[in-house]
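Taking it in order: structure first as structure tokens, then the write-up.
Labels run A, B, C, D and E following the written order; every chain starts at residue 1.
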Amino acid sequence: MTADNVLMMATTTSTDNTGLLDDLAPHFTQATGVELKWTSVGTGKALKMGENCDVDVLLVHAPSAEKTYVEKGFGVNRREIMYNDFVIIGPESDPAGIKGKKVVDALDAVRAKGAVFVSRGDNSGTHKKELSLWKATGAAVPEKETWYVQTGQGMLASINIAAERNGYSMTDRGTYIKYADTMSGNPPLKVLVEQDNILLNQYSVLSINPERCTKAKFDLATTFSDWLAGTEAQGLIRDFKLLGKPLFVPNAIK
Amino acid sequence: MTVSQPIYRIENLVHRYNSDPVLAVDRLDIEPASIMGLVGPNGSGKSTLLKLMAFIFRPTQGRILFDGKSALPFDSSVRFLVTLLTQDPYLMKRTVFKNIAYGLKVRGNRENWTRPVHDALAMVGLDPDIFAHRQWDQLSGGEAQRVALAARLVLKPRVLLLDEPTASVDAASSELIRAASLRARSEWGTTLVIASHDREWLYDVCDEVIHLFKGTPTGAGRSNMVFGPWVPEENGLYSKLIGDGIRFTVSAPPNADATAFIDPAVIRILNSGEASTAENITFVDGTVIRIASEKQSGNLFADVRAGSLTLVVRVDESHLAAMTLHRGWPVTLAYRPDSIRWL
Amino acid sequence: MDFILAGFIEAIRLLFSGDDQTWSAVGATLKASSGSMAASLTIGVPLGFALGYFQFPAKRQLRLLVDTALALPTVFIGLVVYAFISNRGPLGEMGLLFTLTGIAIGQTILALPVVIALSATAVESMDRHLRALLISLGASRRQLLFSSLWEVRYGVLAAGLTAYGRVMTEVGISMMVGGNIKWHTRTITTAIALETGKGMFSTGIALGLVLIAIAFGVNVCLSFLRKK
Amino acid sequence: MDFILAGFIEAIRLLFSGDDQTWSAVGATLKASSGSMAASLTIGVPLGFALGYFQFPAKRQLRLLVDTALALPTVFIGLVVYAFISNRGPLGEMGLLFTLTGIAIGQTILALPVVIALSATAVESMDRHLRALLISLGASRRQLLFSSLWEVRYGVLAAGLTAYGRVMTEVGISMMVGGNIKWHTRTITTAIALETGKGMFSTGIALGLVLIAIAFGVNVCLSFLRKK
Amino acid sequence: MTVSQPIYRIENLVHRYNSDPVLAVDRLDIEPASIMGLVGPNGSGKSTLLKLMAFIFRPTQGRILFDGKSALPFDSSVRFLVTLLTQDPYLMKRTVFKNIAYGLKVRGNRENWTRPVHDALAMVGLDPDIFAHRQWDQLSGGEAQRVALAARLVLKPRVLLLDEPTASVDAASSELIRAASLRARSEWGTTLVIASHDREWLYDVCDEVIHLFKGTPTGAGRSNMVFGPWVPEENGLYSKLIGDGIRFTVSAPPNADATAFIDPAVIRILNSGEASTAENITFVDGTVIRIASEKQSGNLFADVRAGSLTLVVRVDESHLAAMTLHRGWPVTLAYRPDSIRWL
């Protein structure tokens, strides 16, 4: 395979860590003859690498950041591919009593109780989502409260910290499923809030603007984007299961 | 009431490096306030013996009693009493002053060290103003050697072990070192053991000189050792080639590699060519290297080089008048092969 | 490229405008690294001396072990320490997880092989006559240790500085054991990792420069040891 | 705790069952680290010799600089190298981003201060009589360099091993410059970081053990240099 | 056609460590295949001069012509021709064999080194079977010194500079070294420059001996130097205290710190107490340290210790018959204060 036939992608850790990309990549290569290489990094870093023309295509989940990105002319052809959802987890004892509540009410309860809440605090797509939830409660983000723990780490590390601290956290479902699995089916933290529309997590693919980055392989990026939105890939995404549980819902517009 | 006990008593001492034994001393006593010399060829074990006596490492076998008590390295019974000037004048990477003061510091001495350090420097003939603040590596060979000695003298030790203190030291300084050694004994009652290849100097300083040979003391006083192998001659005698056509003849040795011992008194010294034809006498030609009188006995000795050998010969006063003995003078040595003892 | 320049400017701003987050991270870095350096020097230098000075049967094997331990990955150390001090671990009771003390423990493990291996090498380079000199001047065992180390002080200093560099710049242990918790266990290196992950490259550069500035300060303070 | 034990078992499986991904990471680690060690020793040892051997005006300042550079954080080096070899950087044309060569360049920068500082220290510990001895026996400048280094070989070896440990275990540069791309630039350390990030602690431990096993092998190979 | 040119020509040489000048040689020529000696007190600059002549470092000022051409360290014109035995018998951390073979290796010599190395060891009296495979640190002091010498002899150099080759070496070995030096000159045409404090030995080996004093050559042959400060006496003369109540008297010096030069020929040696009352003559009591004949002239000299001074005195043959001169003999020295020259 020549270097011309290699597509370089930057993506967020969630797509890689769940194993979705390992599942999709061979099918993509088979269908198109293009090799897919990816580096999985934080959303911010992924966007930055695109901005620096180091990759050809991005697969990320930070809709508002993506929109600005396109507006600034760094990326083109933003295309929504799929979504999964976030959940709020916490100790089984549920000290703030949030189980089954709506997101906004649950966070208010946490704040009122001053219960430990672990935030990633790393500007990732997930972190941005969490901040938007706090904003939705109408009060300021509890930036400097002692019960508000900012880890600056990945999702799994943050869940672990929440477990060690007996606190709450917001996580994507995929990571939680893996976490629960490593705890041999009896995780100290349980899903307490879910199925709220506000918790949906949209993934999109963006091509790097070939006018800014002349060396970016725009053709291949388009091929990839089209393929992802195509029936084969959308089917693969629907059928992808992590530890027997479906994770992503394909929602590409043809 | 008590008889004076030796300050050192060495019993059945054996020391090995790796597996080769290099020192084997059955018994050796050293009296307090005596000055003992150690001579012997290179590798005869002088430095090893001195290091053992300084309790720097343990002997492989046997023991060393200090003041009647068995002692080991770091024992407080010897630590501050015995000090050794090692053969290599090694200094710490500090100034001369700090090198000399180190021993005082180690002794927890909190006083002002300037005085004793300057005195010690003066004792070895170095001007404190010039040398005290030199760095360790800004000295000539002899200066370094003398600083190392000053670092020992400053301690006023009970036992001072000196390993070749005059090597690489100039004539004036070696006299100073002699004086300092004698002064240490008389002022502080120090016992000294000194190893040196400068026999003149050593016989001058010491009360007694012990010979080491292959790690074994072979007696005190001057004596000659000649090593084999020996080759038989036609007349029943044996000999060894000691130079171009020069042979050293001996009586039948116990084995071909035996070591011959020749008492300096059994050799007569004749003017060159004076060889008579008396029977049973053997002659060997040589050159006088030096003449010296032994401090204790007043006896005169001549060192005579014959081929590659250097023999010590006792000189009768009567001889002296008859001949001009001095370095470089050619002589003939006469001795009876059967007067030789075997080791 | 431009983010490097931006990083320089930001570094100056961070240091002189008294940015709270930066100073908190500086504090955390200094506390953890001082703790681990104190511990690793106190334990490591005597061990290194013993390893370099004495002859004993398993010496070469021990040396091989220490040299191998130079290649202990920080995340590995982080994981092992985490396993012990996590709430489910045997030392969970002590509450060391997510504390600077926990980080310092991990960093001590990281620094120890460096300190031991390099001070052993320094001691091995010692002149063989030194021992006889010191004992003959009346040094006790303790004084022998200290004076010998003083003779090879540049080597020991280099051991300390190398270990310090390693401790100051490690991320794996601080991340895993400390948790990179803002205002508490966020050190400069975990902050750099975070900012870089966010794509804030210039902030990453700036924090890197802050770290280097600290190291420079420490080196200037120690450089008096170098004067002859 | 249990994941440590699990890690041990997995390490054995990874090594002996011929796990492709592991061997690919082993290969990447060995390639990058061999490259960077070769480069840093070739450049660093002569520079270290010069720094330790000669007397020149700015010597102390230079020394201070090198010592400070011991505390260069890996992510910082990663960022700087990235800035240069990124497609928009001055060396973007060379296509070094996301390659093992790029990683090796960054690791060389990481290893250089260690090699320079420690070999300078080793050379400083050299007996001052050596120079006179070698010249008096007819050594050329080059022979003086090599024979002097041979005399302080344990010190130089320690410099190399310490630098090797640093290079083998670094994550920041490999991550930033190499991109942790599976089958290409995923080294053992970035794999550990990845697995740990996924919560696969036992795999992390296992990979850590694999790395240590490699280091052990390298040390065993080099230990012949230690025999008297 | 051409007049033999000196192998070394030293011109206006000055050397400083830090800022103190330690060596200042205006002019010095050394002839090929000569053996030159260097004597002088500790710190007089012998080792510095030898190191400069070995081109180990550059002189601060002036130049050293080798074979008529100015040379610098590492120059190929001198690198393989000149070798120096340094004062410190430093060995590389390798076996004895490798230490000795190093110079051969450096010369790109690819042959079998066993033969030459073993020969060199034999020349310094060490048994190759015992010593060749010893490690550098498994030697006694004298053995190490001799190995270091063997490493130079193996090179068969054109110039062999020896810095105290006999320090810490036993008597037999110092004779071996003497023989080896002479053999090097006769077999290989080697030029030798030897610094030593063992004057007897040195005068025996060398064609000429140069005295260094505070970095300056003060002439060849034997001579006495006495340093100030001088204190005026009542009779217009000056003196210096050289021991307990012993004074050394001189004529008025140019300044209080001047150095006095006394020719060994102007001092007469008398039996102790024989002092006459002749005018203008001063007496000083001493002890004979050694007597030796000068190789070149055949003249006899006695070293006499008077207080802290050691004076060299020429002895007339006529005297010798009348008295018993040997080490330890008390004598009185007589000289005219006005026969003293000043530096």
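To be clear about the criterion, contacts are C-beta pairs under 8 Å (C-beta built on N, C-alpha and C of every residue); 3 or more make two chains touch, one makes a residue touch a chain.
Keep in mind that what you see is a predicted model, and the values were worked out from it rather than measured.
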Using the contact definition stated above, find the chains touching both subunit C and subunit D. A
Looking only at C-beta pair counts, which chain-chain interface has the most contacts? C-D
What whole-Å value do you get for the distance between subunit A and subunit D if each is reduced to the mean of its CA atoms? 35
Roughly how far is subunit D from subunit E, centre to centre by C-alpha average, rounded to an integer in Å? 53
Per the C-alpha centroid definition, the whole-Å distance linking subunit A and subunit E comes out as 87
What whole-Å value do you get for the distance between subunit B and subunit D if each is reduced to the mean of its CA atoms? 55
For subunit E, write out the residues touching at least two other chains, lowest number first. 88
By the touch definition above, subunit D meets two or more other chains at residues 88-89, 127, 201
Mind pulling the residue numbers of subunit A that touch at least two other chains? 41, 157
Where do chains touch, given as pairs? A-C, A-D, B-C, B-E, C-D, D-E
With touch defined as at the start, can you tell me which subunit D residues reach subunit E in the complex? 127, 129-133, 135-141, 143, 147, 151, 228
Listed in rising order, the residues of subunit C that touch subunit D in the complex are 1, 3-4, 60, 63-64, 67-68, 70-76, 78-80, 82-84, 88-90, 113-114, 117-118, 121-122, 124-125, 127, 152, 154-155, 158, 161-162, 164-166, 168-169, 171-172, 176, 188-189, 192-193, 196, 201, 204-205, 208-209, 211-212, 214-216, 219-220, 223, 226
What does subunit A use to touch subunit D in their complex? 8, 13, 16-17, 22, 37-41, 52-54, 154, 156-157, 160, 175, 178-179, 182, 213, 215
Enumerate the contact residues on subunit B facing subunit E in the complex. 17-18, 40-43, 46-47, 87-88, 138-143, 146, 163-164, 167-176, 197, 199-200, 204, 289-293, 295, 300, 303, 305, 308-310, 317, 320-321, 324-329
Subunit D - residues contacting subunit A, complex: 86-89, 92, 97-98, 179-182, 184, 194, 197-201
